[in-house]
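Letters are used for the chains, namely A, B and C, taken in the order the chains are written, and counting of residues starts over at 1 for each.
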Amino acid sequence: MSPVFYILSIVTIAGGLAAVLLKNLVHCALAVSVAFAGLALLFLSLDAQFVGFAQILVYVGAVAILVVFAILLTRGSDQPRESFFSRTWGIGLVVAAAVFAVLGWAVLQSSSALPRESAVPVASVHDIGVALVGRYVLPLEIVALLLTAATVGAVIVAMHEKDGTR
Amino acid sequence: MLGEGIIKGMLETARNFAGSYVSKERLITVQYPEEREALPENARVFPFLVYDGPEWLPGLRCVACQICEKECPPKCIYIDKSADKKPDAAGKPQNYPTRFDIDVSVCMSCQICVEVCPFDAIKMDKQFEYSTDDRFGGLLLDREKLAKSNEYYHQIHPVEANEVDTRLAEERAAAAAKAKAAAEAAAAKAAAAKAAAEKAAAETPAAAPAAEKPAAPKPPTSGGGGA
Amino acid sequence: MSGTNLPATVDQIFITFTHWVAHFFPSAFQPIVADVLGVIGIISVFPGLFAITVLLERKGLGRMQNRYGPNRVGPWGLFQPVADGIKALTKEDVVPFHADNVVHFLAPLILLTAVFMGFAVLPVGHHMELMNMDAGLLFFFAMGASSELSVFMAGWSSRNKYSLLGAMRAVAQMISYEVPLLLTSVIVVMLTGSLSLPRIVEAQAGYSGILPHWYVFTPMGFAAFIMFGIAATAETNRSPFDLPEGESEIIAGYFTEYSGFKFAMFFIAEYLAMFSISGIATTLFLGGWAAPFSFLTVVPSWFWFFAKVMCFIFVFIWMRGTLPRLRQDQLMNFAWKFVLPFTLVDLVVTGIWRFMGEGILRWIVCSLILIATYLIMGRTGMVRKPFAPRSYRYAE
């Protein structure tokens, strides 16, 4: 377990660092997807199959692609002229450290994260499904509604130009 | 209904697929090296030199006038004119090419050399399989490779070859008639001269056979060419 | 399927072989040895199938267009794949001067790896899957999704406008059609109640009389099967959805700048993706390794799996020989205005089916809803809109 964990951690952290430090935006996006994949593998090494695969499917398959698309459509993919590393890496590190601090604080505060040597919870896909449409059905529906609203909003934003002024 | 056209198209290709195994007429491919389609009469690839009679070198119609060499747009014909003269197919003494090369890697098959040749000596061939490893030597055809018999010309372009032969026969007949007329005139003149001066009688028998001689080989050549 | 009779022995012959090889090793290594053997099996069988398929495709396409197809190399052109392979291996590997070397090199590797990983969960026969995962279906689609990124990497790193256009088209198309692809498989998951592929096959392996219980023989299963087929064709960039590599417009799309063995890797990956998506379609809708009639169960299960996959491949080839390429706007309209809504209706119908209980009534109700939806959506979708004046929204 532990060597696997360390390898995956190194891969994930390296991916994250590269995403912050590299100059070329597309390289950053690719590095982010490496970090995503590393996270997914971490989930898998914890026997959380569903979460791991969902992570790959959603983050590597969709989010990374969308990021890349956004970069290409906004001409961020131009070749870097000066150094290999981003000039704003210092700010990036500060932001990352701040986020890390907040997350770490939240994790330490939560009661369930306390190291307990109880049985490892085995969450099968079935259990996750039951929990999603059973106990957590309201949050699920709210999130679904929110996303639908966002989609409709995006469509309206995109349509505005068509029959508008120009 | 949506998808109707797709099904129709799929059925059509399925029919092709099955049909191509049943009926061979559907397969339009010509399996080239084994099967060949007859080239059309007017097909042309590269020029060749026509010769009459059984031997290629004496029979070459080309008189090395070098008109084609000058007219060829990409300048791919190379001719060396002979110093001596030899009798051509019609028996008339003519120059002949000591070198006649065509670089077919440069030739663009424009047929201009054929159009300008006043002696019908160069014609377009249908032979197209010139592929070779030797890009320079293998594609520079010399006069021996270029020489093809009149019979071959009849095989590949029958209509055109017949026209050429009739025209040549006419020209030769006209030339013969002219020569005969000249001979007769000469004979008449000779007769007049004989009447005038009996002393020159020894020269007349020598002149008469010389006038008749050019006419003699002509009928066999044109007859053999027309057959 | 149990017992020690001959059919069962033949059926499980590869499993028996694996166990036999593994028992030469110390018991600690036995699972690893079995896995390695399985991996070797996958890496050898599917590329072999690739060689056969390329030949079949070229010959089949030829026949559909009233041509012979390749018939020069060996008897009836049977050695054509060998000649192709030698050609691909001996070609020079050209990398464009301005290309992003690392990304350019990694793209085909990642693509091929992701495609090969998909085979790990496919049950190619009874008990013949490399990994029996709880979330096998999800794993399969996760691997499919990660191949999109490598397509993008290939197109972007080549620094070629055709490559980039091809990659953009490919990614847009794959994202658009991944949604219906996932939703149609959700229908099967709803019917089975499991994401595990062996479980899905076992749920279809029963018979009523001699007829099998395949999901394609239910109204919503059939509709889902058609939609899955369409989405799968788009996902694998096969004609008529081959815009990403439309050779008349953008040369070879995202792998324009690849040559030699890297090009061959893209080529192989494309066909392997076709096999894996055919395999998953077989598993989801056509009963996987289950025999088509109950009296045919004596034939080994792996034979049925590959036979069904090859049927799929043939249909892929058939469509390629028939249908012209779509236009980009037609492609997107078809995905978002027809396939996706129809799949959603199908999803609702599946719910209805589950709650109506046994009986002939649910067959009638579900079929009627689906046919009506299809007709209405087909009618409205077929209306040809006049072209709007050309606008240059993104050109400034």
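Note that in this section a contact is a pair of C-beta atoms (placed from the backbone, for glycine too) under 8 Å apart; a residue touches a chain by one contact, two chains touch by 3 or more.
On a predicted model such as this, the values are computed, not experimentally measured, just so you know.
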Chain ID, smallest distance between chain and overall C-alpha centroids: C
Pair of chains whose C-beta contact count is the highest in the structure: A-C
Chain A and chain C, separation of their C-alpha mean positions in angstrom: 28
Whole-Å gap between the CA centroids of chain B and chain C: 63
For chain A paired with chain B, centre-to-centre distance based on mean C-alpha positions, whole Å: 81
For the chain B and chain C complex, residues of the former touching the latter: 1-3, 6, 9-10, 12-14, 16-17, 19-21, 26-29, 31
Complex contact set, residues of chain C against chain A: 103, 133-135, 138-139, 141-146, 148-149, 152-153, 156, 164, 168, 171, 175, 178, 194-195, 391, 393-394
Residue numbers on chain A that touch chain C, as the complex places them: 26-27, 30, 33, 37, 40, 49-50, 53-54, 56-57, 60-62, 64-65, 68-69, 72-73, 77, 124-126, 161-162, 166
Partner chain B, residues of chain C touching it in the complex: 60, 63-68, 318-319, 321-323, 338, 374-375, 377-379, 381-382
